[in-house]
Amino acid sequence: MAMYVLVHGAWHTGKELEPVAECIKSAGHRAFTPTVKGNRPADPRNVGLAEAIQSIIDYLVRYDLEDLVLVGHSYGGMIITAVADRVPDRIRRLVYWNAFVPNDGESISDMLPLQYIELFESIAHERGDDSVVLPFSIWREAFINDADLETARRAFGALNPQPMKTLRDKISLKTNPMQMSVAKSFVNCTEDISLPHHYPWHPRLSQKLGLFRLIQVPGSHELCFSNPMRLAQAIMEAGRD
Amino acid sequence: MAMYVLVHGAWHTGKELEPVAECIKSAGHRAFTPTVKGNRPADPRNVGLAEAIQSIIDYLVRYDLEDLVLVGHSYGGMIITAVADRVPDRIRRLVYWNAFVPNDGESISDMLPLQYIELFESIAHERGDDSVVLPFSIWREAFINDADLETARRAFGALNPQPMKTLRDKISLKTNPMQMSVAKSFVNCTEDISLPHHYPWHPRLSQKLGLFRLIQVPGSHELCFSNPMRLAQAIMEAGRD
Amino acid sequence: MAMYVLVHGAWHTGKELEPVAECIKSAGHRAFTPTVKGNRPADPRNVGLAEAIQSIIDYLVRYDLEDLVLVGHSYGGMIITAVADRVPDRIRRLVYWNAFVPNDGESISDMLPLQYIELFESIAHERGDDSVVLPFSIWREAFINDADLETARRAFGALNPQPMKTLRDKISLKTNPMQMSVAKSFVNCTEDISLPHHYPWHPRLSQKLGLFRLIQVPGSHELCFSNPMRLAQAIMEAGRD
């Protein structure tokens, strides 16, 4: 029996990971799906990265969760890295699932290609509230390329605007991931083209972990919608001792 | 119900794609497998790229095919790109299946490694009719590496000489693929080693599409022979809206 | 009916490949799993590469094995290359399975990243007998990342110290692999992260073979433990004509 905490990515909330958590629970584990501050529909749009991180630390403290397999998806990689830096004694293993791996002083923007930064900033400016949403065509073709149109539309409908500040803020870490002594895994969905092909999640970001376990699984960046059971299986292979 | 037109690669005719078309039809779609001019056994060997392209446009016009998912394999990528440039209103989506993606003014030779150009030109010279055939050892090991010997031999027996002019001629496009507004997908067979490993189909050529949907499937360059049903499934995942 | 000889990698003996050989036999072939000199628990620790190679040539001669599909795993790639160079008439096809591909004058150390050379030399120095063992954490995360902990531990228990001299010695070849006329295949386990991601088995080493058949299969460097049947299937697809 292991204890999984799944931290969602940008535009998502914990609710979208519940089907994944259900699969993990049905294999005999515990699983939690908190929502990061800034991602709840009612949250203010000026939430920054530090507040977002703190909300997950507060969650772990409130429910006194320990000996965790802490899983982060995409933007969630920022959160789990900072949590492991701040409360290392609560973590058994970090699992990055097509996730950002920051070093001290880096923001998500620092790890994004220029075309995304320009697109996101322009959308945030247009919206006027400094939050960003994804255009459907990019979502459909590059984020959820493995699903049918109905699934792609339903999932798109569940997304929330993401505060740009969480993507711009630089992370503050005492220890970079490579030097962290905690066990680390990286789940790579092999058809994830949400980042450009010359600028991929793996190995560009994964190798910042130093020694890590690689688990690969067919699927897009949004395997949580297209095949939650297959994703849960990969997370459990990444998360076991 | 969608409408698929499958455009074969060099050395092939539409006949070799009929088992793939049958699978697509059995899923409730329509599917056509025209043969490009120059590839029929009785065609003259001096057919060039423009004539080859025109033969497929003529085919679409003759049968009044519209709202098409237009699929191109290998050399067929040249054909479908030019067709989309010339009759964009007939196309719903382009699907490149381990296919060449040309910009205006490029030939297949411009996208081939030097060793293939030299080999092909030398074979064409030896044959004396400016057409090229593949040596069986290259076919067996690098084109159809996922099939058994009997399948490899039977498929090799179905190949025809390819007019070198179709590989040498530079394409003429008003719009490059990246700027085309039509939806685009790329099917990548993950064991396709018909191009050298440092010079692959994906992402080297696929990224010339700009925003595109990636579908990957295990198999060689000639998955149409080794597993037509698996290929059809990948094409339908690439071709749906 | 084909005849397979499976040559294990560093730290292993032929015994660990017996489950793979059993699967190959159950498909109607013959299969042998010799142990390379230097890898038996009782062998002296100062065995070098030439002696190791000779022990497999002696084995083939003693049992008069001919028309072989000669398979090498990892370090075993050094052995099968030299065997094919010395007794080419006995070999039908070479199969490299996530294996080193040497040119004349190269050692394994020449193909390893600096961090491994430093780690191995430091371990060998500490052990005092010029042999090297793998730290369990590296084994668990980077060599057998696809297995559960119990399998990882059981397999680790079967490993023997590897004489460093076999990794340091430069190979002597009359013909480099690319120029060998024998048929060649490379089996690539797609989750093999035993070498760093910017320094992989395939295509970095595989392309030294020239024309070769690629077979890919999901799994770690140690698929022989985590899924011997899947590995056997891949080896037979690589080894058939």
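Per-chain numbering from 1; labels A, B and C assigned in written order.
Assume contacts are C-beta pairs under 8 Å (C-beta built on N, C-alpha and C of every residue); 3 or more make two chains touch, one makes a residue touch a chain.
Computed from a predicted model, the values in this text were never measured in an experiment.
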item	value
Superposing rotation of subunit A relative to subunit C, computed on C-alpha atoms, to nearest 5°	120
Equivalent interface positions on subunit A and subunit B, same or different at half	different
Whole-Å gap between the CA centroids of subunit A and subunit B	38
Sites on subunit C at which at least two other chains make contact	none
Interface residues, subunit C side, partner subunit A - complex	137-138, 140-142, 145-146, 148-149, 190-191, 193, 196-198, 218
In the complex, subunit C residues that touch subunit B	183, 185, 202-203, 206-207, 211-216, 237, 240-241
